[in-house]
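Right after this note come the structures.
You will see two complexes here that share subunit A, one where it goes with subunit B and one where it goes with subunit C.
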Partner chain A sequence: MSFFRLVGVVAVKDLRAELRTKEAINASFGFALVILILFSFAFERSIEGVQEISGGLLWIVFAFAGTLILNRSFARELPNDCLDALISAPIPGAALFLGKAIANFVLVLAVELVSLPVFGIFYSVDWTKQIWELLLVLLLGTWGLTVIGTIFSALTVNIRLREVMLPMLTYPIMVPALLGAMQLSSALVAGKPIGPDNVSWLKMLAGFDLIYTAASMVLVETVLVG
Partner chain B sequence: MREKIVYAVGLIAVAIIAFDLYRMTQIGEEANQGAIFKIIFFHVPVAITAMICAAAALIASVLFLITKNFTFDALAVSVTEVGLAFLAANLVTGSIWGRVIWGVWWAWDARLTSALVCWLLYAGYLMLRHAIEEPTQRATFAAVFSIFAFIDVPIVIFSIKWWRTQHPQPVFWGGGSFPKEWLPIFLWNMLAMVMLGIVLTVVRLRQENAQRELDSLRRMAHAL
Partner chain C sequence: MTAVAAEGVWKFYGDYPALRNIALEAPEGACLALIGRNGAGKTTLLRALAGFSRPGKGKIRIFGHDPRELEARKRMGYIGHGISVYDELSALENLMLYGKLYGLENPRQTALEWLERTGLARVAGGLVREFSRGMRQRLAVARAFLHGPSVLLLDEPFTALDDRAIAVLQTLLREALAEGKTIVMSTHQLREALELASHVALLNRGQVAFHGPCTPEMVSDPGYVYARYGEGG
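Moving on, here comes the complex of A and B:
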C-alpha cells in the first residue's frame, strides 16, 4: 500500500473507534462547555470587552478541551496490547503518526466548530464577520495543537502520571502557535480582516505547523520503537 | 587529579567574579539608571551561558540518539540542569532590574516572557525524566523532548517579540553604547560564568555516572 493509503487506514480506524464509543469527544465537548461557563464569571461581559479577549478565551478552551482527546490518542491502544500490534505492523512510524494526527485533528476541529456557536450565543458575539479567515486560522492553529499533542501522546503513553504530564509538556511548546492563533482570532472576531500588521502571525503559524510536522515524522520512530 | 583540576577551575571562576565585583565598585554610575545598571555585568553573561547550555543539551541529545551512549544522556541532563539554574539567575536579575527601573517586578515584556517560557520548557524536560523509570526509555524520550524544546526556542523568542516590545534594546548589538572601559569587566565576568557552568556540569555529570553505576549494582544484587 502507498504511504498515504496507510495514513488513511490508520486515521479511519481511529475515527471509527472514537465514533463508536464517543468517549473522548463527549468528554472534550462537555469540558469546553464548562470552561466557557466558568469564563463568564471571570470576565466583564460587555461586547467590546469580550471581542478583545475572544481569541484568548477561545484558544484556551480549545487547548484544554483538545488535551482530553489527545490524551486518549495513544492510551486507547494500551488495552489488549494494541500498541505493540500497531508498532509491529508493517507500516512506517511516520504513517502511523500522521494517521493518528489526522484523526485527532478531525475530532478537535469538530469540538471547536461546535464550541464556536456556543461561544457566540453565551457571550452575544457575532463571530461570523470574517468567517473564512477565521476558519483558516482555526485549521492552522488546530493542526499545530494536534501535531504537538499527538507526538507527546506517544511520548507519554507508557509513563506514570500520563494525564498530568501531557499538558505540562505540550503547553509551553505550543506557546508560539497559541499566541499567534489568539492574536489573529481576536482581530477576526472583532471583524478586522488579516492585514499587513498581522499577516506575519499567519506565516508564523504555518511555519510552526510545517516545522513540527516534519520534526515529529522524523522522530516518531525513535519514540515508538526506541 | 581530574577532580583537583575541576575544583581549581571553579576557584579561579569565583576569584574572577570577586575581583570583578571590586572593579565594579570603582567605575562610575550610568547617567540615567544609576547603580542598578551594573546588574548587566551578571544579567547578560548568565543569559549567554544558559544559551550555551541549551545548545550543548541539543548536541548531547542528538549524539545520544545516534550512538546510544549513556554518557551523552548524562551530559544532556547535567547541562540542562545547570542551564536552568543560569536561566533562573537571568530571570531573577532581570526582575530586580525591572523593579528599580520600571517599578514592577514583572512586566510581561518580550524578553522576560520568552525567557520564562524557555525555562518552563526545560523544566518540563526534567519532569519528563522523573516520570520515566526505565533508563533507555528515559534517555531516548528525554533526548527527543530536548530536540523539540530547542526547535521551539527561536520561535518562542520571535513570536513573543512580535507580541510586545518593551525591553531596552540590547546595548551591544542594538544601537546602545557600552563604555569601552567597562568591556573588560563584562568579558571577564562572561568567562567566569562559562567556567562556573562547566565546573557545575562536570560535578553533576559525575553524580549522574555514579548514580548509573549504583543502579546497575542494585540490579545485579537483585538478580543474584
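Moving on, here comes the complex of A and C:
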C-alpha cells in the first residue's frame, strides 16, 4: 500500500473513532465557547479595540482549545494497548504521524470554523472582510499547531501528567507560528489585506510548517520506539 | 534458518539491567516457550523482539532483519497484555484497519474469514465496547493472525482467556506450527505451553538460565525446569 494510502487509513481511523465518541471535539468546542464569552466581558467592546486584539484573542482560544484535541491524539491508543499494534504494523512512522496530524488538523479546524461566527456575534465584528486570506492564515496556523501538538502528544503519551506536560512543552515552540498567525489575523479581521508590510509573517508561517513537518516525520520513529 | 535470534541483548531501565546478555535462537518452525518468575524479563524480552523498544546493547534479528525494518514487521504477529483493538470501532472495522495497514489484498474478505474462524461473524458490525471479555479476546487473536505472520510473539497468551478463547488459540497455534510458523511465547501456564513447545528458555533475573530443546521430562513434570535450572540453578 502506498505511503499516502496508509496516511489516509490512519487519519480515517482516528476521525471515525473521534466522531463516534465526540470526547475531544465536544470538550474543545465547549472550552472555546466559554473562553470567547468570558473574554467578551473582560475587554473593551469598541470595534477598533476588538479588531486590534482579535488575532491574539482568536489564536489563544484556538491554541487552548486545540490542546484538548491534540492531547487525545496518541492517548487514544493507550486503552487496550493499541499503540503496540500500530507500532508493530509495517507502516513507516512518518505515515503514522502524518495520518494522526491530518485527523487532528481536521478536528481543530472544525472547532475554529465554528468558533469564528461565535466570535463575530459576541464581539460585534465583521470578520469576513478578507475571508479567503483569513482562511489561508487559519490553514497555515492550524497546521503549525497540529504538527507540534501531534509530535509532542507522541512524546508525552506515556507520561502520567501528559495533560499538563503537553501545553507546557508545546506553547513555547508554537510561539513563532502563533505570533505570525496573530499578526496576520488582526490585520485581516480589520479588513487590511496581506501586503508588503506583513507578507513576511505569512512566509514565516509557511516556513515554520514545512520545517516542523519535516523534522517531526524524521523524528517520530525515535520518539515512539527510542 | 533462524527465525528469531537475540545476541548479547541488554536492556536497561535507568541503571537497572532488565535483560543481561541474552542470547537465544528459535529456528524456523520452532515453538520457544519463555518461562520464568514474575520480573524475570520475559515481557521486556518479547517487547524487544517485537521492536517496541530497542535494546541498550546487542542485536535482535527476525529472519535476519532488525525488528524495526518493515520486512520484519510484515512477518510478525504479536499478542500482548492488551487486546490492541479499538472499542469505538466494530469488529469488522478493526480487522479491516489492520488488514489495510498490513497491505492485504482484500482486507474485507480476510477480516470476514477470521471473524468466522473465531466465532465472531454474527457480531461483525457490533462495536467492540459492547463485546464480552471472551469475544474481545477472540478478536485480539484474529487481529494477530489476520496477516498470516511467519513469527508469532505471544506474551502470556492464555492468561485471562475464557475456555472458548483458549480452545480457539490452541487450535490456531497447532495449525501455525503445522504450517512451519515460528512461535515465541512467554507464559506461566507451563502445562499448556510445554505441550506445544519444541524449545524452552528459562529466564532468571534478566539472564538466560537454561535454553534448549523441550524434553519429555519437562512435559511430564512442568516444574522440572525450575527445579533443575531455576532460581540461580
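Please note the rule applied: the second predicted complex is superposed on the first by the 226 of 226 C-alpha atoms of A that agree within 3 Å, B and C clash if a C-alpha of one lies under 4 Å from a C-alpha of the other, contacts with A are read in each partner's own complex, and residues count from 1 in each chain.
Just so it is clear, contacts are C-beta pairs under 8 Å (C-beta built on N, C-alpha and C of every residue); 3 or more make two chains touch, one makes a residue touch a chain.
Just so we're clear, the structure is a prediction, and the values are computed from it rather than from any experiment.
Contact with neither subunit B nor subunit C is seen for A:Ser124 once the two complexes are overlaid on the shared chain. Once chain A of one complex is fitted onto chain A of the other, the partner contacts of A:Ile91 are limited to subunit C, with no touch recorded for subunit B.
In the superposition on chain A, contact is made by A:Ile159 with subunit B only, not with subunit C. In the three-chain superposition model, subunit A touches both subunit B and subunit C at residues 226. Across the complex, subunit A meets subunit B through its residues 151, 155-156, 158-161, 165, 168-169, 172-173, 175-176, 179-180, 183, 200-201, 204, 207-208, 211-212, 215, 219, 222-223, 226. Only residues 65, 117, 120-121, 124, 127-128, 131-133, 136-137, 140-141, 144-145, 147-149, 151-152, 155-156, 158-160, 162-163 of subunit B touch subunit A when the two sit together in their complex. In the complex of the two chains, the subunit A residues touching subunit C come out as 1, 5-6, 9-10, 13, 16-17, 20-21, 79-82, 84-92, 221, 225-226.
Across the interface of their complex, subunit A is touched by residues 50-54, 68, 70-71, 73-74, 76, 78, 80-89, 93, 97-98, 100-103, 127, 143 of subunit C.
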